Amino acid sequence: MILDVTAIDTYYGETQALFGVSLSVDAGEVVALLGPNGAGKTTTLRSILGLTRPRRGAIRFDGADVSRKPTHDIARMGVGWVPDDRRICPTLTVARNLSIALKRTRFRPWSMKEVFGIFSPLEYLVEREAENLSGGEMQMVAIARALLGSPGLVLFDEPSQGLAPKIVQDVLAIIRRLKDEGLSVIIVEQNAETALSVADRVYVLDRGTVAWSGLAAALRDDAGKRRDLLGA
Amino acid sequence: MKIKITRRALLAGTAATAGVTAFAGPWKHNRVWAQRTDKPILIGLTHDASGQFANSGQDEQRGTIMAIEEINAKGGVLGRKLSYIVADTETTPSTATRIAERMINRNEVAFIVGAIQSGVANAIGQVAQKYGVVYFNTNSSSPTEAGKDCQRVKFVWDGTGANFANAAAANAVKTFGKKWLLLTNDYVWGHNTSKATRTTAVQYGADVFDEILVPVGTRDFSPILLKIQQAKPDVVAAAVGGDDFKVMRQQTVDMKLDRKPAWLNNQQDWPDVYGLGIDSVFGVFGTTWYHKLDLPGVEDLVKKYQARWPDTRIDVPGNVFYNGYMAMHELAKAIERAGSTNNLKVIRALEGHKMSARDRLQHGDAYIDPVSHHVQQTIYMAMGNDKPVDKTDYFKILSWVGADDAKDKNEATDCKLQPLDKTPSYEM
Amino acid sequence: MDFLLYLLPHLLNGVALGLLFALIALGFMLIIGVMEVINLAHGSLFALGAYFALSLMTPDGGLKLGIAQLLFDLPIGWRYVIVLILAPIGVAVVGMGLEVCLRRTYGKDPLYGLLLTFGAALVLEELIRLTWGPTERFIPMPPSITGAVFIGDLIYSKYRFFASGFAILMIGLLWLFLEKTPYGALIKAGAHDSEMVRALGVNLTRLRLFVFGFGTALAAIAGIVMAPIWGVRPHVGVDAVVPAFVIIVLGGVGSFWGAVIAGLLVGMVVGLTGAYATDWSLIAMYILLILVVTFRARGLLGKKSVLEL
Amino acid sequence: MLVAFAIFGTLPFWISEIGLYPYLGAEVLIFCIYALGYNVLLGYGGLPSFGHGAYFGIGAYAFGLAQFNLSSSLWLCLVAAILAAAFFGAIVSLFISHRRGIYFALMTIAFGQMFFFIASKWTSVTKGEDGLLNILRLPADFGFAAYPIQRNIPFYWFVFGCFVVTIIVLWRVVNSPFGKVVQAIKQNEARTAFLGYNVVLYKAAVFTLSCAVAGFAGALFAMAQGGAFVQVMNLQWSGVVVLMVLIGGGFVSFWGPVLGVVLYFVARDLLGVYTDTWQLWFGLLFMLVVMFKPEGLAGIWQGIVYRKQKPRSSASLHLLVMLRGR
Amino acid sequence: MAEPLLILDRVEKAYTRGLINKQVTFRVRADLTFGQSAIVGMMGPNGAGKTTLFEMMTGSNVPTAGRVLCSGKDIHQVKYRERDRLAIHYHQSYQVRHFRRRKPSFMLESAGSDYPLVHLFDEPQFNTQDGYIGFMLDFFRKLRSENRLVFICLHPTAKYHLDILKEVCERFVFVAGGEAKEAPSLDALKEDTRFRSYLGDVMAVA
Amino acid sequence: MALFEAQGLHMRFGDRVVLEDISLDFPEGRLSGIMGPNGAGKTTCFNVLTGRYKPTRGRVVFDGEDITGLPPRTIARKGVSRSFQLMNLFNDFTAEENVLVALPAMRQRGFDLIGDAMGDRDLRERAEAVLERVGLAGKGPELAKNLSYGDRRALEIGVALAAEPRVLFLDEPTSGLGTDAIARLGHLIRKLKGEITIVAIEHDMEFLFGLADSIAVIHWGQVIRRGTPAELRANPWVQNSNLGRLK
């Protein structure tokens, strides 16, 4: 297992957001986190990154206990993050936004060129200030930025949000490619269909707890169960 | 023999013993000593060691200490040695009050010497008056010191702003012109000094067309200097003190305004100017003493100073040192004249006392005015030296004015000394 | 017309002062931006810069090391250039030390940062007093930048032209640094969103340390350049930190050009009160502060920030 | 509490024995009054004022001026000093009461500096640098008898009386409904407003109150010193009271400021013997306190006491909390 | 008032780079008229200019050429603060862009409307798991029934997105290749090869 | 007529429209719910209703009286009380003091500088009664910050209740609570329902649909749907979602 999350309780201030969430991701595995608005999906990702440190429970990444490590160390160990609100620095150009993300880890490195190969529009946008990008373009920058950090595990928070269907397919293709190269992915989605088309396993969260977990195929194949857990 | 009981040594003992048993306090011993004639006479030195006037405070302290050491070397006073304690007044009157209270009540000093800033001098003077302790204000030159804030126990040794104004103004109207501008530091000394200057200057026909008030602590004088440059006065009579004056001078020289108009700077304290280079002295100003006065004994004093204080940044004694030094010597002499350390006797020995020019190392005789307790003395007019004989020769002495000509006439009306019989008496 | 001619040097004066104020304020702002700390010790570090420069410029400054003698033997112009580099570095080290102390206050009420830096300001001032003495000092300047120039009938200080030019240069360099270098990108990104920057693997602790050092180095540079204008004394710091705050509030936190414009504005106000209401000139800054905070707490160009409590 | 009264109540009998002097005791008590009043603002109200020296100074000047121009009754002059400080405090509070945290702090600095500059400038009234001199320690006239308090020991007793009165008044105030509301505002201003309290008015009131106490202390200080000097109004002196209150532990204890003041003065007088740098050490101590123990000396003491009492039931804990007032 | 609700009168926006040798780096054109209330689905690849079009409709982004008339009023001549009384743009907060304002507000005319006539929903989130989709669709219909013009900009990345579009939208606009073109129905759009390539694999599901 | 009413509320922060034409009414004695996704403007709406923000346009009417733009304290004194989403207790006070400060009788004595705040037996009894009402009997002497999370939530409501309101606004009362605690809270609110008028913002639909008499859905700063829980559930999309599966 590249990532092991064991029974974490996470709080915002004194408000508890996660109640004993456990999940695991294997190398070369894509795991989807699904659930309604406010179920704790984003909080789970923030806990893994150490941005909102769980008060109880343990998180192991790549063989090491990271639950007490500072965020930048976790990132440097190879956890990449594509936040749901993109969080591109608006006053910097695309190129500068990407350049601050460039780093090496023990995992496969990505070059600017490679990334531009995937998101061809970016190449023409490099000199543009990020605040002048469209939503979809920003999302591309956010994903590119995560890749440039040479991650071994990428946390995608709503990657399809705001992207054209074709680009969503591209993103899914990247996820598959990461998987083929032995890297791992956690994908958080409101759009269950998109997530299920690429995930190996699924955790459904509800009100801060894991309501269901199992193989993605099981959900794909069982419409009734899908409806039960995820709505139409 | 040099007895040097500093505050440090004295209190170190105090603190150490206090922890062990019920310590009787140093003053209890003093009482015992009081009956014995070999008990040292304790002088409290209240010189500023920090704050705006620390530099000058330390300089006058050197003067006082050197005098004490000289007196002790000659066998002391009335056969008793002098010893002293020092405390930092922080150039803050409220601290000075506390220190005066402590020196008098706890250390039981016989006399207190030292002050630069008028607030500190007043604060100490008040406490001293309360207990009747003779206090020498060595270097505070606010005209109020010997005017409305005079005290029976307090003696003022420096020339005041009014003295310097009297000495300079008449001459300046004749030499430089009638269009005058006053530059006044916005506090008591500045106000009073400017007032005196204005009175004298107008008396001699000057037209004072403007007065600029400069807040204490002003850093940037350029707006003022630009204004002066635009107004083109003949004379700028500046009553700006301490650090403010230093900044102003620096900036005036930098803007090349130091030659024209003519600057009449009330007083120039040696520690404020020394080390800045001869070029930085500008304008005409007053002083009570200069180390290159062509008088017997002056050179001697310079040598003694250099031997005693080889490490200080100020290589030669100046007026501030001089005031401290002279005052201490006069205190010793007064005790001798009184034949006792009894304060009232010492005061009487001081009041009206005449000091010869020779003793004072000045050109004219001086006396302690019995009305205001102010030492009326020779005032020198000086300016920057264009032909210095060595690197300490900053001033060119232009002329001097005798004690009676420089005297501030207002002192007699402003000063109301407390009656002697209302002043507590003591003897140490 | 005459009036305008009289006004001109005062305006020039205001501009020179304003540019230097802006320089002080920009360092102050960098620190607020990245650390959300109001650094009340900024002024003391400003003073420290001047004192370091004093020690390096002249043996009077109290530096007794043999190596320093090498420096004192250099021609004064070169010495000045070296001092402009070395002294800010020295102050930056002190600033970084302060940042290490400040770490314990991050995430708490910003008041703690304020109190701590207030204490630090007192301590630094006291240290300066002990090391260099309480009195006014002067830093010798290369003769080429001292003296006066004549503009027609009017005299103006050459040094002020130098100071303005230098301030413009520094502001320009700072802008280039922030806009064109990777460190600048990190600082801007860190100020905008520290969380994301951490998630990219940037050691925020180190970034903060660097920014604090950098901000205080700017204060030190301003202190050195300001020294011949304001003089050097231990408590000169208060006079630097108040305009910095006024400027930040006026210009808005995080607005580079806002700070520059506000700096010029404040410089102008101070220059003109200095000329036309001299006895009130020192209070002017405080009145300005009261007015600004009373009527425009959000600043002219500012965004919401830690300042709005 | 009893300890404090015991120590201060017997001070003149032993202070000389430990190498100090009664005058110092009086200054300590005066600053205790000042600091206790200040702590109602900072510790209870959570409002940091860095310009409180101004009101201390105003009190001192007002006492002197009242003595010279109004009346020779000690009580009237004291009342005048308190009213003057409260009046200016109230005016300032109009400007700053709707501010919090950093803006509040900076506004107090600005106003404090303004008062300081005005006091140094307005020499016809304040006598500027020379100081307002010859302020008398007027006899304390109780109607049936008048006691002279010119000498230091009687004066100490008088100040001690003032100290006791101040303690009683402030103790009542912090435990009164008003005190509770002020503490509530410190903890949660928005919530207090939503409970129907006029937060701005309460903040203004507590600011004014603490200014009045500062003015009272200032008046006593003027008596002690025999004069009013402008320096007590400057930023550094205003900062010193913040230092004393915080080091003493004003945030957690009513008595904290007293500890801070005693530490400050005694350290100043005793350590000042060994080192000129004692202000530096005090500043460093302050920084350490802010960093590691914002609760100050009182906090450390409470920490020790509470650790011992852990097994006790919550009810008796509550009793203890009530006894300590917090 | 019989004025059409919204007219994009040969509106064009072009961004250029270079001072002397100007190169167009981005261009979007539209010439469309919406006479009465409707729910319009809007689609198009990323960066094609949908958001720019929305910005021009709400008046924040000034077109290089052409006019936007909202109920007969040129929206760029309306006071800044009142423009959202004509057209309102609902977006994710990170999409806000700021544009320079050339004229002071008092020189402009007032909107003359109280509630926005044109509602532009930029990528609203539709999560099947909570029930908000239903409320949102109801809301669109309510707006339409109150004579408003509703735009929904949506990337159909899943089948249910297409279901939503089919269910509520009457008209469709596809922005691609620098141009906004209208189609009467989804099926008609599907004739367009560019639309098919935009949809990618979702086509298969649809 | 409804006890509390909002008519055409508009709110802008700078150029941003935060609330758009919000009209709501809360009938006396009922529990009205407000729901909506994150960032939809629910809390802003609450803040306008309770006086923290002044609306750019529109009116807030309480018991026939226009209270628009009045400061929170004035509105609170008229009998409008609220709890907060992020816990807003007086942490260094005991539970009892928390409630005590909220009592209107205490408010009237607010400028009493000499009385003993804790000395009034009548007030303390009243405070104890409030604590008992929210299930915190006996926990009065406990410092608020030492209470368990659930107890703190209850105390939060207790403080709001102590003000003896006619309308009680609850901002996400269940946030951060586990299932058991939510059940207990539901029990408490059900007890209060009918006694006073309650308006609750809630994220937890199950909780809200089980309690509310009517619900308004807020999104994009507007009321996009209103109705009884049953009406809201009628929509097929809703039926297919989690909501549809609730009992």
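Every chain is named by a letter (A, B, C, D, E and F) in the order it is written, and numbering of its residues begins at 1.
In this text, contacts are C-beta pairs under 8 Å (C-beta built on N, C-alpha and C of every residue); 3 or more make two chains touch, one makes a residue touch a chain.
This is a predicted model, so every value here is computed, not measured.
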{"item": "Where chain A and chain B overlap in contact partners, by chain label", "value": "C"}
{"item": "Chain whose average C-alpha position is farthest from chain A's own", "value": "B"}
{"item": "Higher-contact pair (C-beta pairs counted), D-F versus E-F", "value": "D-F"}
{"item": "Intercentroid distance (Cα basis), chain E paired with chain A, Å", "value": "30"}
{"item": "Distance between chain centroids, defined by C-alpha means - chain B, chain D (Å)", "value": "36"}
{"item": "Chain A and chain D: spacing of chain centres that average the CA atoms, whole Å", "value": "56"}
{"item": "For chain D, residues contacting two or more additional chains", "value": "117, 121, 276"}
{"item": "For chain C, residues contacting two or more additional chains", "value": "279, 282-283"}
{"item": "For chain F, residues that touch 2 or more chains besides their own", "value": "37, 237, 240-242, 244"}
{"item": "In contact (per the touch rule at the top): chain pairs", "value": "A-C, A-E, A-F, B-C, B-D, C-D, D-F, E-F"}
{"item": "Residues of chain D defined as touching chain F within the complex", "value": "172-173, 175-181, 183-184, 187-188, 190-199, 202, 205, 314-315, 317-318, 321-322, 326"}
{"item": "Partner chain D, residues of chain C touching it in the complex", "value": "38, 101, 104-105, 109-112, 114-116, 118-120, 122-123, 126-127, 130, 235, 238, 242, 245, 279, 282-283, 286-287, 289-290, 293-294, 297, 307, 309"}
{"item": "Partner chain F, residues of chain A touching it in the complex", "value": "11-17, 19, 36-38, 206-207, 227-228, 231-232"}
{"item": "Footprint of chain C on chain B - complex, ascending", "value": "50-52, 54-55, 186, 212-215, 217-220, 222-224, 226-227, 229-230, 243, 246-247, 250-251, 254-257, 271, 275-276, 313"}
{"item": "Complex contacts: residues of chain F adjacent to chain D", "value": "50, 52, 71-74, 76-77, 81-82, 84, 88-94, 97, 100-102, 104, 106-107, 109-118, 141-143, 159, 163"}
